[in-house]
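Single-structure report; data block below.
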């Protein structure tokens, strides 16, 4: 279910050369609630790893355990070969960007960024050049004397980043750093963060509940659900090869169509739905091997809506019940007698069919464009 | 003003001045068609309309004692209940009350200074000597707006357990080496304060007021008071003065003999006093102008308080010296030692000088307040 | 987040407990003193005695004082709560510079020193003929209590969605109906909390009472004041114990009210 | 555009405003007015301020005692507020209950309790003698020490509550940021927590100082007439001499002093927040 490269064994094993963080059997309980339930992770040096999940999924608790603000109930955390499970937060040497930035409101930008240097060696040790460099890294060096409340949200976010990086930590923890920003600014900063990651090569551990953010920035994503790892892997893998209904639904949208699978003489499988038998397809090696009842996940963008059936596609007929215009594309709701309601997405101009409510249309998809997933 | 009202006011004046008895006043007022609101239908004496008579004194045990000696006999005679208020009728309070037009006291247990200072200012009802008897009081304490009610003294009072040898003079009170501990004196210059200071400085009893009559003499007194200030707590209520001894904060001081007596009796003699160099004065009954129960009721009360038996009763309970010469003879043997009016005690003390205080009270009081605050 | 116990924090906690002990010490000390078997202030010498409790509950002057204080406090509370609540609602809804100014003016009785206001009441109450009267004391106390009602009600209103008021008006309710049917039901815990505050304030007020009353009005604080000044007798310790118990109950009630105020006002429709 | 809609609401405001005007502001104005008209128009009464050594002493003593009280109260209160902001819920409830009890309990009762504790034969002296620390009672009452103890006790809740409110409103993540960026606990406290709690300290300082300046009951009882502060002096002077001019002059001086302190303070804080009238 999970990417073998991403998960270490629950027992202590030898650290691989490029592993910087290893989490073993991490568990955190609050009374009867298991916020994090036996999570094990291995993070390679220089990675951009995203912990993705809804609120309450345990992603923040994991991050706070790494940072040292949450004392785990069980398990251990190893950073660069050193067990830091019981090391106080201020001795861990990690950089962190907080949700809402947590800039010191009574200090100027320069003093904020100089803080990690100051606490490591007194006021004298604050090297203005290093502060300026760190600020230059995020294009904020011109505002070094401003107070935080005189900065915009995006600027504050950059200062928080500079502050977390000024002492060259090996790992940077980011706790939903972009959640307070508006949509457009968020997109810009996502891009900049990714650039920055490339430039400095520090390991980023990033927490978010925003799937787009996770998909666009990360090298690796760990999807959490109810304190456990649901699936982890590279963004493309997770998107195209979700293991479960949950992941398929969480990353992007999917139509889920129940059916019954049977092996096909050609080595693939066929699925029989309420509307009839689909064309056979080859099964991916990590795909749930369905026999009997199965769930077919079909992404809206893989559906082509036409007036006549397309060659080599699975096709069912239906009636458009509603159309929403999104600028770049349309979302089309189609009621099909065979599969029930189906959502399709089509490019606004290239759609083969003028999406009019009430029109009778064909819903087409290629045999390989669906995936069997576990129903959980 | 209508002539009818004028006639009524004339009647009222005549009645108030005693030229007309109550019955004829009411009849003739009724003939004018005016029935004064305060008068009920039945024919009780006017003052008996008062719901109650408020007598204000200095609180503590004096409340019960006054009730016993004066209040109950008065109620028996007139049917008017008496309430004893222990707030302490200081001159300032009486003035404030009259100026505020909110007089709630009927008879005040004040002092010489009050009678002299407040009377001319129009703050007091004149004493009605047709009800109150001028003969039943030592003549030096009979004034137009007040009359003496009992003798009392400011005496040297001390804790017998605090010292090896009993102090006898004000000079001893100023001797903080030989007689260690806290001192106390009144927070008002009317308490033999300057007199004690001068005697402590060596001025003879007879020369005290002559000396105080000079600026240098007054300066000397204040110098002595300043000298003792670091050791002194100033009492404002009589109960407070007793409290200071009981809690041990004070071992020696100048307080009223009535309160010394209370201390002595409650402590089986741990505290006591000496009459020597005491400051003798009299309390005075004053009636604030416009008192709620009416002047007549107040005068009746004062008259009741003049009864020799009642005065001896108060001496017995509180130690206040009878001021009615008739009463002095009634004092039983065992109470003579506590009666400041008996010659053997009287002669040891210095009597307040009315002349001095009427001339210098404002000045020295002001200076004293500045000194202690 | 609070987990780490460092030396500094441990030290601070110890110090804090010491200071809290200093704060409650005077409340605790009156308890044994009130049970003393002597006639003066002291710890019980040979046995515990209820004599001072008996004295308190049988002395008509103490009982009258309680009654008078209660009556005055109730009157002052009624006036202050009535005026203050309406004023706070008005200012909240008007929400302009002028109404902010009004709210600031309403704070005057908190800012003016007690002795100054006592002198002021005394001076003017003479002219108004209110010296030593229930009306006089009730009026004075209601003025002193007014700002506290304005504050608590304003706080309750700050959590209140102004659109509810707009909706009510839009649906045809008059201002009076809006206040009575929409606003008050949602801010009542704040109003009640203000009422408790004024009640206690009035019940406890001494400085103004010393100036504007003399003989007729004998409130409980006045009795205590005289008692402390004159004969420190253990009956005052009894009063102190009863006061402490009552205040304890009131604090609990008030805290519940405040919690409720926040909950009621913040509850989404 | 809202004018027509909100205009009727002035009818809710007017009664309170009118009552306050007639029964409070007018009397206070009378005090100010009398101070410059009684007994003769002019500033004659105010000459006492520099002519009378006694008045100068009283004002100086009032200021000094208020300052000392403020320093002690705010320092001790800060420790409690800090603890309140750190402890778990159960401890918080207990501590807060103690603080609120102190706030609400009658000032007279508290002064009385301190008399019981501090007088010469009081419990503190008895206890100290019993354990052999001293052999003569210490003078704890009727002096500045007694007054300051009583005043600090009275003012503590007034200092703790605004400081606690400020601290509990602080962004915890900022403290975590200091922590994770490597600050030791004392560094995190002095460089981050303390500066951020400054607004609470300013409010507490101001409240305590202003209330101390005009404080009457506790100094009058615990000072026993020997530590006369301005309020008691006004009352004493007035009751003994009934000179309206002098009394109102001193009262006006006190009021103007308090207003001056507040005026200076508005440069640092929002007055409305100070007295909780935030709408």
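Labels A, B, C and D are assigned to the chains in the order they are written; within every chain, residues are numbered from 1.
To be clear about the criterion, contacts are C-beta pairs under 8 Å (C-beta built on N, C-alpha and C of every residue); 3 or more make two chains touch, one makes a residue touch a chain.
Molecules present, by chain and UniProt name: B = Spermidine/putrescine transport system substrate-binding protein; C = ABC transporter permease; D = Polyamine ABC transporter permease.
Worth saying up front: this structure is predicted, and the values here are computed from it rather than measured.
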If chain centres are mean C-alpha positions, then the most distant from chain B is chain A
Using the touch rule stated at the top, which two chains are linked by the largest number of C-beta contacts?
C-D
Could you work out how far the Cα centre of chain A sits from that of chain B, in whole Å?
93
Centroid from C-alpha atoms only, then distance chain A to chain C (ABC transporter permease), rounded to Å. What do you get?
55
What whole-number Å value describes the gap between the mean CA coordinates of chain C (ABC transporter permease) and chain D?
17
Multi-partner residues of chain C (ABC transporter permease) (each touching 2 or more other chains):
1, 229, 232
Among the residues of chain A, which are close enough to touch at least two other chains?
69, 88-89
Residue numbers in chain D touching 2 or more other chains?
119, 121, 176, 185, 238
Complex interface listing, chain B residues touching chain D:
90-93, 95-96, 99, 187-188, 233-234, 236, 247-249, 365-366, 369-370, 372-373
Which residues of chain D touch chain C (ABC transporter permease) in the complex?
5-6, 8-13, 15-17, 19-20, 23-28, 30-31, 34, 76-77, 79-80, 82-84, 86-88, 95, 97-102, 104-117, 119, 121, 123, 153, 156-157, 172, 176, 185-186, 189, 210, 213-217, 221, 230-231, 234-235, 238, 244, 247-248, 251-252, 254-255, 258-259, 262, 271-272, 275-279
Per the touch rule above, chain C (ABC transporter permease) residues touching chain D in the complex are 1-2, 6-9, 12-13, 15-17, 19-20, 22-27, 29-30, 33, 41-43, 79, 83-84, 86-87, 89-96, 99-100, 102-121, 123-125, 139-140, 142-143, 146-147, 150-151, 154-155, 157-158, 169, 175, 179, 200, 203-204, 206-207, 210-211, 221, 224-225, 228-229, 232, 236-237, 239-240, 243-244, 247-248, 250-252, 254-255
Sites on chain D touched by chain B in the complex:
52-54, 58, 119-121, 137, 141-142, 224-226, 228, 233, 236-242
Chain D contacts chain A in the complex at 171, 173-174, 176-185, 187-188, 191-192, 195-196, 198
